[in-house]
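Structures follow.
Paired with chain B in one complex and with chain C in the other, chain A is shared by the two complexes that follow.
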Partner chain A sequence: MAAEKALALLRSRLCDVSFAHGAFKSSPDSNYSKLKFIISNSIAEGCNNSVLLLGPRGSGKIAVVELALRDLSAEYPDMICMIRLNGLLHSDDNCGLKEIARQLCLEHQLIFSKMASSDDNSQFMLDMLRECGLAHKTIIFLLDEFDLFIQGKQRLLYSLLDAMQTLSSQAVVIGVSCRLDADKLLEKRVRSRFSHRKLLFVPPTTEDLKVLLNHVLYLPENSPFPSNYVKEFNSRIKSILGDKKFNEALNSLSDVDGTFSNVLRFLYQAVSYMDLASGLLTLQNFKSALLCTQKQPKLDIVKDASVLELYILVCMNRLETKEQNSYNFNSILKEYNAIHEAYKTSDHYSRTVCLRAYEHLLERELICFVDGKGRHLSTECRPVKLLISFSELCQGLKSNSSCPAILQKLLDRESFK
Partner chain B sequence: MGTEERTPASATKRTTRSAVLSPPPKSSNHPSISDGFLFSGDRVSLDTLLSGLPGRRSQVLETLQLIGPVSSPMLPILVYGGASTGKTATVLRIFRHLHRPFVYSSCRTCYCPRVLFDSVLNQLLLHRRSDENGYASAKKCDRASDFVNLLRDALVRAINLIRAGSKEKTRVGEGEMIYLVFDNLEAVRSWDKGASVISLLLRLHDLLRMPEVGLIYISSATPDAYYGSTGSIEPIPVHFPDYNVNEVFDILMLNQTNPKLYSTFLSAVLKPFCRITRRVDELWIALKALFKKYCEPLSDLNVVPDEGMKRRLFNGIQPHLAAALNEVFYVPSYASLEEREGVNSRRGTVRKLSGKEVISDLDFHMSVSAKYLLISAFLSSRNPATLDAALFDSTGGSDNRKRKRRSSQMSIEKKDVVAEDMLIKGPGSFPLERLLAIYQCITSVMEGEFDEEQQPEDGVAMDGGKIGLMSDVLLQLSTLCNANFIIRSGTCPLEGSTRFRSTIDEDLALKVSRSINFPLAKYICRR
Partner chain C sequence: MEATPSKSRPKPSPPAPQTPGSGLRRSLRLLCTPRTPIYNSDPSSPPKPAKQSKRSLLESLSFSTITPNPPESKRRKKSGPDYKIPKRKIYFKKVVYDGGEFEIGDDVYVKRKEDVESDDNYLEVEECRICFEVGISVMVECDDCLGGFHLNCLKPPLNKVPEGDWFCGYCEARKMGKVAELPKPPEGKKFKRTTKEKLLSSDLWAARIESLWKEPDGSYWLRCRWYIIPEETAAGRQPHNLRRELYRTNDIGNIEMESVIRHCYVMNPKDFFEANNEGDDVFYCEYEYDIHWHSFKRLAEIDDSEENDEGAGNDDEWKVPKDSDSHTYEDSEKEEDTAMGTKCQPHQVAANSRRGRVFGLQRIGTKRIPEHVRSHKQTELERAKAMLLLATLPKSLPCRNKEMDEITAFVKGAIYGDQCLGQCLYIHGVPGTGKTMSVLSVMRNLRSEVDAGTMRPYCFIEINGLKLATPENTYKVIYEALSGHRVGWKKALHYLNERFSKGIKVGKQTNHSCVLLIDELDVLLRRNQSVLYNVLDWLARPHSKLVIIGIANTMNLPEKLLHNIGSRAKNKSLCFGPYNYQQLQEIILTRLEGSGAFEEQAIEFASRKVAAMSGDVRRALEICRCAAELADHRLKQLPPTKKMTNNDNSAGKCLVGMADVESAIQEVLQEPHISIMKTGSRLSKIMLVSMVHELYKSGLSEITFDKLAATVSSLCSSNREAIPGWDTLLKVGCKLGECGIILCEESTRHKLQKLQLNVESDDVAFALKDCPELPWLSKYL
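After this line comes the complex of A and B, so read on.
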């Protein structure tokens, strides 16, 4: 029972990104502290502000904003109004203004009219900004995927930032983007109204990761769990974290993608694999989670391919090494028949069967048509290409248990050329 | 296990993918949570779940672990694997086992964003389109932004309903989570603006920020197919590999009436078939016919075979095996199926199996002028335009000695190059004028022949005469275009007229020509 509760606790911690970033709350030069300072400044002084949060995907930009706002709204109750926009959904100017109006209405218990025009909405936004400014209420605009707002005429950004030039308003615009050059893309009229504060998010260092792991994985001492279970669990975690193999695994993970979200996903997987009977995490859990992140889907597909499909792949590879500039199913079939003539293989099938196997390969996306559209040609005639490299094919053939020896031989001969 | 579970996995997957999901229609206007989000049947135990999905043990357990215990939040997961590896079946049966509320929508049946959004919202709002509401959806939404707002509202409502249900002890499902399952995610890529829809779906977890919502994506494309779309967050991948031979064996053995007999049959024939494909759905169809053949010598289908009988049965099936292997993907048309079911079923099957040359009849009906048009399209695609004059001179192509000499003069290398060229390029394209000219030539030749020989075989062609055959050629042409026998292949940059291309292969052309007694072989230019 305790094990299940511990699992549920760990999982809810890992699913909540803000929790993980709570580990860096106390440090004064963390992005959290900087952002909190900017916003609280705006709230306390009653001024306008704008800031850009830049960093790769999964580096916890939104999580930090959420965390800062959660703390600030506890600090200044009823003084913050939050408007969230996402570039994926609201990059269209009219749509963005409408969404702002909708959320403002929702926040202030007003009735939102769907029929309102873009002008009405923009006027409404200005009025609300003034009203809120007079009431010393700060409106925070959170623009996720900021770079997508820049793609059009930037009317939304302009009207938003222009409105903030007046003294009566009290608002903060937080732009979040994974494009580091997001501010360079702004139009001149928008850029001049934008305060050039930028917070850069970088992947965590090894020390940061350690802090994160300690923060997330240990069970709390004073908790409803039986104390000896907590002691055992925590001592096990300590031994795992100190293990050399675990650190190697962590390094190989962060070598590929060391962002917070990737590490958290890895931990989530490891925690999910926890054995409920013992209720303790093992090194094996982390190892299998790492294996899962290191999968090579293309190789797996070659490994699963049937013998006939392998023949077609090898034929295609032979055609490519012959430096034919383009080839299609007909030429593959010719090559296939030639192999059969030369080596008298047992796997000789009719054209229709080969065509279906060829279509399977297309479906599995190991091969694809060269031309994008090609609507005026039938499948047999459209030129194709391999989507796997020679070495991948070799490796795949070796791992495929049912691969006939002749194909290996043919491929080995190619590699000598 | 419910009654619909009796059929093997492959059959279940195809026939009941939607049927399993849609609860039996009820007359009441206010559906409750139980028939909205849950399977109507009883809860399935873990053992039944695992035994019902042979070869998927580790995948089932991994998925269960990632979905997690009751009321525990989860990160999005992506279940991926080739076609016919039991992805959908596994996920759906897992929910039957867990007995938790979920919403399933397939991006294949919901063919555009709007339909997909409607489907999710309708299910969440327990809205059923019916005669009374004019088959309207619960909410209208076209834009992704509206969808996210509506989805959030609907989810909050649904979660409140579930919570209320669990408080009042009238609980129908386990826990307070609701899961959204998106099947066939790979189909979205080919949609109009598919990339943005994919990034929307993959980012739903971030956009909603609701820990009570679990997201499961099912895709036959590998995770790296989704890397390109903007704003995508990687879900946790769960790989479903293809079944190996033993697993295919186990699946095909499910729910057999005479397992002993079927297992001897399978152990004799499955291995060679698996060299071609290991997809259960295809093997299932191919082996069905073969098993019928296998059982032919038996009078009692419930017999338990001994060694001697096994050998005898195997000898009986042996000659058919090679032919059957080449017919693995043969999809019989409705007409030929009927014929097969008919009185002389045995002879019909033998004819079908022993090679394509024997099949002389067309499986579909076509008017005589359409057949002529099809043949002339084939000829104009196949033959170079320069040879038209030689082929269709006043003597009607009967003089082919001259042609033969010409082709023998060609050097062998050049011949190879041309053949290679043809393999690569496929059928050539031709302008409408050439098609009509050839059409006129061959119809007039045929009429001439009919007149001379007085063959009353093809009455239509004779009675129709010239006018009948020419009258609606353009109409026939557009019909053939719609049926994909002929395709429009862009316009010629110089002339600006539409060019055409025939897609049929030589076998079909020969079949068509045989059905109207047209000597097609005389006209094909053999290079």
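After this line comes the complex of A and C, so read on.
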């Protein structure tokens, strides 16, 4: 019972990104405190501001914004109004303005009309900015995928930022983007109106990771769980965190991608492997979680491929090493028959069976059509390309248990050429 | 409208008469009630007792409005038509009633209706709280209970009115927790309250006159907007409310002139703190209170509302809102019955539609006025930040005098005289050089000249190309500005063509000359240049009376136009060059005048840096503001004990120094990709280095993923690193692609994917040359 509850608690923590980022709340140099300071400045002093949050995906940009806003709306109840836009949905200027108007109406219980023209909507936005400024309400525009707003004429950004510096309202424009050069892509008059405050989100350092793990994994002392269970759980976690092998696993994880979201995903996986009978985490849980993150999908497909499919892949590889740049199913079949002739293999299949295997490979995206050419041709005649590399193919063949020896030999010979 | 004797624009209310007394006691704290000496409503009135505090003495107590036959005592001041049409309301701008002059826009005390007993006279002169005599000697007002005291009635007596806040002994005792009763009035004498006190204890009302008229039966009426005292609001009196604070409501009522008592003065914060001679009837009003939604809203800046009034007044004849049948757009702008209107109307207007903007936005307001807004005292840094905001308009605009003179000369020359031949001025310059600002300030100056009567009236239309949905909307906006009606753009174009070529009137008023400001002109330029062609073509029409000022960034816009359009635009052009560092410095210094938050050197550093980059004044201001923000952040992060000592120390010296400006510039100019490359994962570093390595080897900027992966694994194997799988590498590549460090095709192409560095290879070398965890990388750079 306690184990299930503990598992639920850990899972809910790991899913809530803002909880994880709460670990860095107190440090004055964290992005959280900087962002909170900027927004609270705007609220308290009644001024406009704009800020850009940059960082790779999964580094917790939105999470920090949410966290800061949650705290601020507790601090200043009823004075903050959020408008959320996403570049993927609202990069079109008219559509963006309409969405702003819709959300403004929704927040203030006003009636929204879909029919209003874009001019009306932009005028409405200006009016609302002014009125909310008079009522000491802060409007926060959160523009996710900021780089996508930059396509086109940037009318939306221009009218937003222009309003920022002509009206004495209180609004904050927060742009969130993973493109590091997002502000360079702005048009020059839009850029001139932008305030150029930038917060950079970088992947956590090892110390940060330690803080994060301590924050997330330990069970709280004063909790509904039985105290001896908490004690044992926490001492177990302590020994795991101190273990050399665990740190190695963590390093190999962050060698690939050390962002917050990736680490959290890894931890979630590990926690899910927890043995419910004992209710304790073991090092093995983390190890198997690491294996999950290191999956190589292409190799796995080759590993599970049928013998005929392997033949086709090897034939294609042979054709490519012969520097035949353009080949199609027919030439592959010719090569296949040639191998069959030369080595008298037992695996000979008819053309239709081969075609089915070929189509299967296309579906798995191990091979693909060369685009742009012969779109009108039938499957057999369209030129194709191999999508996996030679070394992957070698590894795959080795790990495939049903792979005929002749294929290995053919491939080995190729590598010597 | 019929019978419109008075022209719209309400004049500023007459300045209150000067007081003979001097040496008033004004508390120095900003948020205190200004105490003012006598309000003398009539210079010829008997000499007043030399009383220090306010209290105006009215000469006639007959003012108590029981005058049975008003018409005799009234005369029309500024009357319109002399003929009188019966059965019709006649509107006035100013009415003299019972010896008092009442004008639209004045604030008055109003009797409560149930208030039958009419508490004898409405006392003007306050009695001393101790001796209950009016007396001749100087009185002082307590800043808490607002009671008046003779200086020599106090214990100990005061010689002169003290500086700063003063609280009477009773209030101080009450604050200490003691019970202190004010002395009871002597037997047989009732303590008389002044009008102000009655108002503040909600025995009276205050109201602002919106319009005045005479009914057909001869009685005088006025339409007024009520004021409300904080106690009567839903939120009650809030701790930060001032003693003399009132709220303006959106409640409007019609009352008879008889119930008006006399003038009072309700002022906006700025006037209130500057006021020193208006007497006892001065009130403070910063917020508007919505009686339906019980919410507060700051009153808009006074200049704004005046402008609106002006606009409404000039555009259409003075319309007195009748009942709801004449609900045109202009009418509703006067905010009549709007809240009621939306409530009663069966189908409600959407807020973002055109009419809804007027009705719907009433609902926005705070339920309570937040504490921090009122009671927070600005620190020096915060004041500096507010002054540096782009949205705050500075008092003076330095460094563009020459250009502004030129624009003024151009506009004046163009609309001088009757003919007003079409002229066009093209203004160009990089962003942030004050183009729009200069034009707008020129227009403001000219506006005041028009108001003063030294210039012919003209209408001014402002268009921003980037704020229009399509270029064709230009016609719509121009037509709407000219006529007040909304039509489709084709129709608008038709009407405008007629107006400019044949002189057919648009709207009601005569065709003034028209100054058209088109900001961001280059956006109107599409492949089909019809919009610009039409607009510029109007210039040459016989009745155009049109002056066009176009603003854009590019210098060669007239050359980009088609030949026949360009020839029309090539009239005259004015270049706004980027600011040099002295100019930037001057601009920042004028903004920061009176604030000692910045080190002079720091400002010079910032302006030199910006001048070297772009000469964009916005950028310079933002850098300074950012520096101030950083300094503020730094100070506020300090623990409170340290902060105290720090504040004491830094009282004399500047708060924002070179270091802050330096770090602000760092933030503005930082290259995020370098720090991302530095902090990236191990594999991404290896991948970037192998890309650079391949680039050096082959000289081609593009590389296929297949080849890159082979390079990465050969690098790894020769440096004893674990060789990563290709799928892992692909993942890392995608991450880099998302950040914009490399450009890549979509990842479904797998090994055929082409990759390319999106940053300088030198940057990669700089970032990864001495990487502590992978020292071998420098071999390949």
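Throughout what follows, the second predicted complex is superposed on the first by the 414 of 417 C-alpha atoms of A that agree within 3 Å, B and C clash if a C-alpha of one lies under 4 Å from a C-alpha of the other, contacts with A are read in each partner's own complex, and residues count from 1 in each chain.
Simple rule for what comes next: a residue touches a chain if its C-beta (ideal position, glycine included) is under 8 Å from a C-beta of that chain, and two chains touch if they have at least 3 such contacts.
Computed from a predicted model, the values in this text were never measured in an experiment.
Contact with both chain B and chain C is seen for A:Glu365 once the two complexes are overlaid on the shared chain.
Of the two partner chains, chain B is the only one touched by A:Arg356; chain C is not. Residue contacts after overlaying the shared chain place A:Asp255 against chain C, while chain B stays out of touching range.
Counting the residues of chain A that each partner touches, chain B and chain C differ, and the larger count belongs to C.
With both structures placed on the common chain, the touch criterion links A:His340 to neither chain B nor chain C.
Touch criterion met: A:Ser195 reaches chain C, while chain B stays clear of it.
In the overlay built on the shared chain, the residue A:His215 is in contact with neither chain B nor chain C.
Look at A:Pro297: by the touch rule set out above, it reaches both chain B and chain C. Of the two partner chains, chain B is the only one that A:Glu4 touches; chain C does not reach it.
By the touch criterion defined above, A:Leu308 reaches chain B but does not reach chain C.
Common to the chain B and chain C interfaces on chain A are residues 57, 295, 297-298, 365. Those residues of chain A lying in contact with chain B across their complex are 4, 7-8, 11-12, 14-16, 57-58, 62, 86-90, 95, 99, 102, 145, 148, 261, 265, 268-269, 272-273, 292, 295, 297-298, 300-301, 303-304, 306-308, 326-328, 330-331, 334, 347, 349-350, 352-353, 356-357, 360, 363-365, 375-378, 380-381, 383, 401-402. The part of chain B that touches chain A in the complex is made up of residues 62, 65-66, 68-69, 71-75, 80, 82-83, 143-145, 148-149, 196, 199-200, 203, 206-207, 211, 220-225, 230-231, 233-234, 236-237, 239, 241-242, 244-245, 274-279, 325-326, 328-330, 420, 423-427, 429, 487-490, 501, 503.
Remark: chain A residues 28, 33-34, 37-38, 41, 44-48, 54-57, 76, 78-79, 93-94, 101, 104-105, 108-113, 115-124, 127-128, 130-137, 147, 153-155, 158-159, 162, 164-169, 178-182, 188-189, 191-193, 195-198, 200, 202-203, 205, 252, 254-258, 294-299, 365, 368, 385-389, 391-392 touch chain C in the complex.
Per the touch definition, chain C reaches chain A in the complex via residues 295-301, 348-354, 356-357, 360-361, 363-367, 369-370, 372-373, 376, 378, 382, 385-386, 389-392, 430-432, 464, 466-469, 473, 476-477, 520, 523, 553, 616, 618-619, 622-623, 625-626, 629, 632-633, 636-637, 667-668, 670, 672-673, 675-676, 679-683, 706, 709-710, 713, 722, 724-728, 731-732, 735, 738-741, 748-752, 758.
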